[in-house]
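Some structures are shown below for you to check.
In the two complexes below, chain A is the common chain; its partner is chain B in one and chain C in the other.
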Partner chain A sequence: MSDCGDSDVLWIPYKERPEWSDVTPVPEDDGPNPVVVIAHSEKFEDVYDYFRAVLQSNEKSERVLHLTKDALELNPANYTVWQYRRDLLKHLNTDLRTELDYVEAVIKNSPKNYQVWHHRRVLVEWLQDPTMELELTGDALLQDPKNYHAWQHRQWAIKTFGLYEKELDFVDNLITDDVRNNSAWNQRYFVVNNNLGWSDLICQQEVCYTLEKINFVKNNESAWNYLRGLLIHDKRGLSGNAVITSFCEELYKNKCRSPFLLAFIIDVCEDAIKKKDTNCFHNADRAVELCQALATRYDKIRSKYWNYLCERYKKYQSEQLSNDNKTNDLIIDE
Partner chain B sequence: MSFTTKDVVLKEDRPKTLLLQKHSDYLASYGLNKDDYEYCMTEYLRMSGIYWSLTAMELMGQSSRMPKEDIIEFITQCQDSESGGISASIGHDPHILYTLSAVQVLAMYDRLDAVDIEGIVRYIVSLQQEDGSFYGDKWGEIDTRFSFCAVMCLSLLQRLDAIDINKTVEFVLSCMNFDGGFGSKPGSESHAGLIYCCVGTLSICKRMDALHADELAWWLCERQLPSGGLNGRPEKLPDLCYSWWVMSSLSMLNRIHWVDKKSLEEFILACQDNETGGFSDRPGDITDPFHTLFGLAGLSLLGNTSIKPVNPTYCMPQETIDRLKLKPQILQI
Partner chain C sequence: MENQVRCYNDIVSEAFDSEDVKTDTSIDQIYVEKTILKLYKEFEKNSSIDPDLPLLIKEVHSKLLKKCLINLPKSYECLDASRTWIIYWILHSLWILNDMPDHETLSAVVKFLDQCQHEDGGYGGGPRQYPHLGTTYAAVNALSIIGTDEAYDSIDRSSLQRFLWTVRDVDGSFALHKDGEQDIRGAYCAISIAKMTNTYTEALFDKTAEWIVSCQTYEGGFAGCPGMEAHGGYAFCGIASLALLNRTQLCDIDSLLRWSVNRQMRIEGGFQGRTNKLVDGCYSFWQGAAFPIISAILSKDNKELIETVLFNQSALQEYILICCQNRDGGLIDKPGKPRDIYHTCYGLSGLSVAQHGTGVMDPYVVGSPSNELNRVHPLHNVAPHLVYNSVHYFIRHPPPVKDKN
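Up next is the complex of A and B:
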């Protein structure tokens, strides 16, 4: 924003409106010695001087409802104005449907503002009617598919009113548009976790879905994270699902060296070591080799992290050597 | 195979040294400019503005340039006698965000006596919900940011005993995601800023052991982009404020050495404006006090000795935290 919206030539300042002549405007009081002198545009000053006046006199009337609209147009992030507006809505018994339309318009102009979304939520709670929410948030996410406020509101509406039915389709569309959209992957987890549940069948379906997306774009942090996340719910764990391990080895064989692939194979090695189920692909030697490759070649910026992991596996290797004939119950996580 | 990343490129003529004097001048005169439109727009978060500016000045050893007595008087006037909470500005409604900012400022000035402490405690206690979460104000928005505000505020007042800590921790842990990170509410996407709030809450409550430290720290390190800068979520642009949120979290996890410090320092320095002073979100953008604080605090965590040590949990000078005898938990590896 670059100016206070003074472009509207039809604007009449409150101090010149006869219907407001009974109110004495209250200028901003910063105490005896202002900490910081604030200069407002004339319009801003006029509106907020009258807002302060009605706040002091606690006036609850239609004209104040209009005044809050002007005040919010100048600064939709002012939470005190929103709070007063809600008090007014209750007091005046205002038609909340009109208010829904109004806040929708404000959201369209300021989609990244905490206060507007919160106001929306309070209205939906008062009305107990979530029918517009999926469309509203869907529109906002069309503009910015990672808008945190829109996602929060959408999750709240879905969870509170049980609107899961078409959500996976919605998510799938977003992932198809941008396979790296982490917010959409998070929402996928949200739907499966809260609604479908992680049955064997669902787990397998999700594995297939995710591998297909990884095949499309290999170096995709979000998809790899989702794969790890869903395997928390698969009793076979990271190393026990042959579909996944052979998929990874195939990628590796085809010269894919995405850091996320290598990191995932390291995790498979770790899981295999933990379960004492190592094999020629997944063991401490392989983990060491991959950590070194990441540290020195494929992900140098995080070399300290890969070296740290590498040391862990080397320690495991040497302990394994020294304990060769003993049963060792080494736990390698801290 | 696609390896494209959303990132910025640092220009050759970027600032490469720390312009301390410029930043001090910038903050000292911030808001004195009568035509400063941005400042009038930020009245609703004035209290936080004071916290950002004062903390930055403290870290530079320049806080005498801030009008101390006026600030204290202003804070006193912002406390709501009924609820006990503190607002962003005189005549505004109290909110936990601004209550925390006010308490942080008074703690730095060693003037907590200037407000009604029992009133603040009462206010924060009133915001805790059955599930351990906190409202931000009476209107009932819930967010892990507010959990952090609550415990930070109470610990600065030495009154952490006033709330149910177990439930507080339980709620924060319920916001842990499948990637080891945290969001604003259960199920919300992991976000570096909110991870800082959640890890900070656990640090103050001394429950860091509940974290999946390696997994979380790796996720945080993944935020570093080829430019050296950090983003807050996968596939987002780098932003200077994440230097603070990611690195403070990594400091509490005792794994700050996992990021590439040299390139991060270059990125932070590149976010300075060598004409106006101050730091911005990305090289070349307009500076503001918020990013100026997080730029300086980030450099302090990276070990820059011309800035005072900052405490990673509180984002306040370490000397203040020591004076208050607070010992937020740092995970032992």
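Up next is the complex of A and C:
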């Protein structure tokens, strides 16, 4: 809710401009019983009265291009004005480079607005020139490293124009700045997934990278989530990678009780159970024990969830028990 | 009991541990925890002398909402292209509070919304604005809350269906408006609108479920578009869309559940929108409403009824009631932020979900019994019977032109 430039004393209302005297302003028509009426400033009303007039007459001229700029300054979230402005740009064959500069300035002022980023994207598509995009989004991410719009635009540019080359370095710097920046971790996944691919070697490298970060800050959900995410692509699954499982057991032995560690071990147990590959560390009993520890001690806010999962593992326990009994029966029969 | 109100000492013991590694994320988080702990401490003191606390100041919220339904201050200029949204947020909030405006006012709203209806079908954010899926969703929901024949009949469903076709892409995704940005909000709004007004056809949503599933991330939540970070608002759009399309089996429900439960904050009790971000009252609904949907899906898959929702219902109510009420009316994102209609609507919607859960069990109401709110439909965020009424009205009144596409 920015202040819309009421301070500019040099402002001349459109209704007083001789070059606009041929246009009859169109006031907002809320019907007979207006509701949700916003107390607009005089300037807002004046500009939009003229915008409605040209929208109605479908005027496509330079002066309208200026008018849309004033309208957008007053409300950069007005998608109708942006759309009309794009129609004007096309119709007037405007120099799109100046438009890029213009929208860059608007983005700097309103970096969390859907319309401005979309406008930028359309311009880049028209020009087929993404050379400025990494810098532009990089600047926005410097201001707010979790700005969703900036990341989305960046991903689009990278994916559309194949700009992966230095992206992993960019991501790495952000993770070094703030190891808890989940947007940066997500971008890491994006780069590997779309460019490097999850080969055995890359998987291994990513595991090393992530374990190092977890060692640095154990209670960091972003890193744990990334670890689980990359293991989707590891043929050995969650339970089959000895580097990871022994890393986790080492942490556990050293009294680390981060809920993310315990939750991860539970997932390893589940994977082992499903593959019928349980061992003394990873089995239904351990999963039940960890769920109970989380529910009652380490992650109480999620006790309902842990109790729900616990019931699932208790079923595995009883299945295992009955299987063991069957095996025993067979042995006795023999 | 899993749903008991937490005591202050227990809350304090959950404080964020930065492990001697201070980063922007941990600094911001610790700051918010401090402000919130102060409020919870104060509350414990006050509640020992007043057992009716925490209290939802319903009348104060109602009064503000009714005033805003007529007039809004200049600070709302930035929402000049979202006036149908403002109407929906207000009417839905008032419905939740069980304090609807009189018939005359509602009839005025119907007439105003008609001014926002575009000749090409759908609704703009205000009169003469281009049609937009978000503002159309808001208008349709508002009209179904009003629920009169006048309201239903004001929707031009033939042109509405044409509008839905113009924003559909071949891959099943939807742009928010013609030549506008494309993300999962578009798909959700389109599906919700089409279901609510009986303009839904198989062809209109061909491949849409597959596109939505491609937005599920390695974390388990859904992103705005494929590749992006899982996010509470988009996760709601994703799972609600799949439920409306009856295609939930396409997604990984276990990982969605894991991601969703982890969004509830240990101290605050409210939800964050993304991993390692701050709590925000609006996610009380976006994240909270995913839980009854998830319980319904798990019940179907496991063939045993899960009657509860798998988040901490009382902690969420504590956050909304103690930390998110402006004493002059309206709800907020987090302490220190200004009130606004958006956060009022989604804070109250989230509070309703936290009280009613799946709707199968008796409501669980924290604080004064007068805090109990009306129920909402988790897929449309409109009262359940109003969704039913609207859907069935439009089944009885099929659109004049059949879908030829």
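Note that the second predicted complex is superposed on the first by the 319 of 334 C-alpha atoms of A that agree within 3 Å, B and C clash if a C-alpha of one lies under 4 Å from a C-alpha of the other, contacts with A are read in each partner's own complex, and residues count from 1 in each chain.
Note that in this section contacts are C-beta pairs under 8 Å (C-beta built on N, C-alpha and C of every residue); 3 or more make two chains touch, one makes a residue touch a chain.
Computed from a prediction, not measured in an experiment: that's the story for all the values here.
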| item | value |
| --- | --- |
| Overlay on chain A: chain C relative to chain B, clash or fit | clash |
| Partner chain in contact with A:Arg302 - chain B first, chain C second, else both or neither | both |
| Partner chain(s) touched by A:Pro145 [first = chain B, second = chain C, both, neither] | second |
| Touched partner set for A:Gln320, first chain B, second chain C, both or neither | neither |
| Touching partner for A:Cys256 - first (chain B), second (chain C), both, neither | first |
| Touching partner for A:Asn181 - first (chain B), second (chain C), both, neither | both |
| Touching partner for A:Thr160 - first (chain B), second (chain C), both, neither | neither |
| Touched partner set for A:Gln292, first chain B, second chain C, both or neither | neither |
| Chain C-contacting residues of chain A that also contact chain B | 1-2, 4, 28-41, 44, 52, 55-56, 75, 77-80, 83, 86, 114, 118, 121-122, 146, 148, 151-152, 155, 159, 180-183, 186, 189-190, 193-194, 217-219, 221-222, 225-226, 228-230, 232, 263, 301-305, 308 |
| Touching residues on chain B, where the partner in the complex is chain A | 1-3, 30-37, 39-41, 43-46, 50, 67, 70-71, 73-74, 77, 87, 90-93, 95, 137, 139-141, 177-179, 183-185, 187-191, 213-214, 217-219, 221-222, 224, 226, 233-236, 255, 257-260, 263, 333 |
| For the chain A and chain B complex, residues of the former touching the latter | 1-4, 28-41, 44, 52, 55-56, 75, 77-80, 83, 86, 114, 118, 121-122, 146, 148, 151-152, 155-156, 159, 180-183, 186, 189-190, 193-194, 217-219, 221-222, 225-226, 228-230, 232, 256, 258, 263, 301-305, 308, 333-334 |
| Footprint of chain A on chain C - complex, ascending | 2, 10, 14, 17, 19, 21, 23-26, 68-83, 86-87, 90, 105, 107-109, 111-112, 114-115, 124-130, 132, 176-181, 217-219, 224-225, 227-231, 257-258, 261-262, 264-266, 269, 274-277, 306, 308-312, 315 |
| Chain C contact footprint on chain A (complex, rising order) | 1-2, 4, 26, 28-41, 44, 48, 52, 55-56, 74-80, 83, 86, 114-115, 117-118, 121-122, 145-146, 148, 151-152, 155, 159, 177-183, 186, 189-190, 193-194, 216-222, 225-226, 228-230, 232, 263, 299-305, 307-308 |
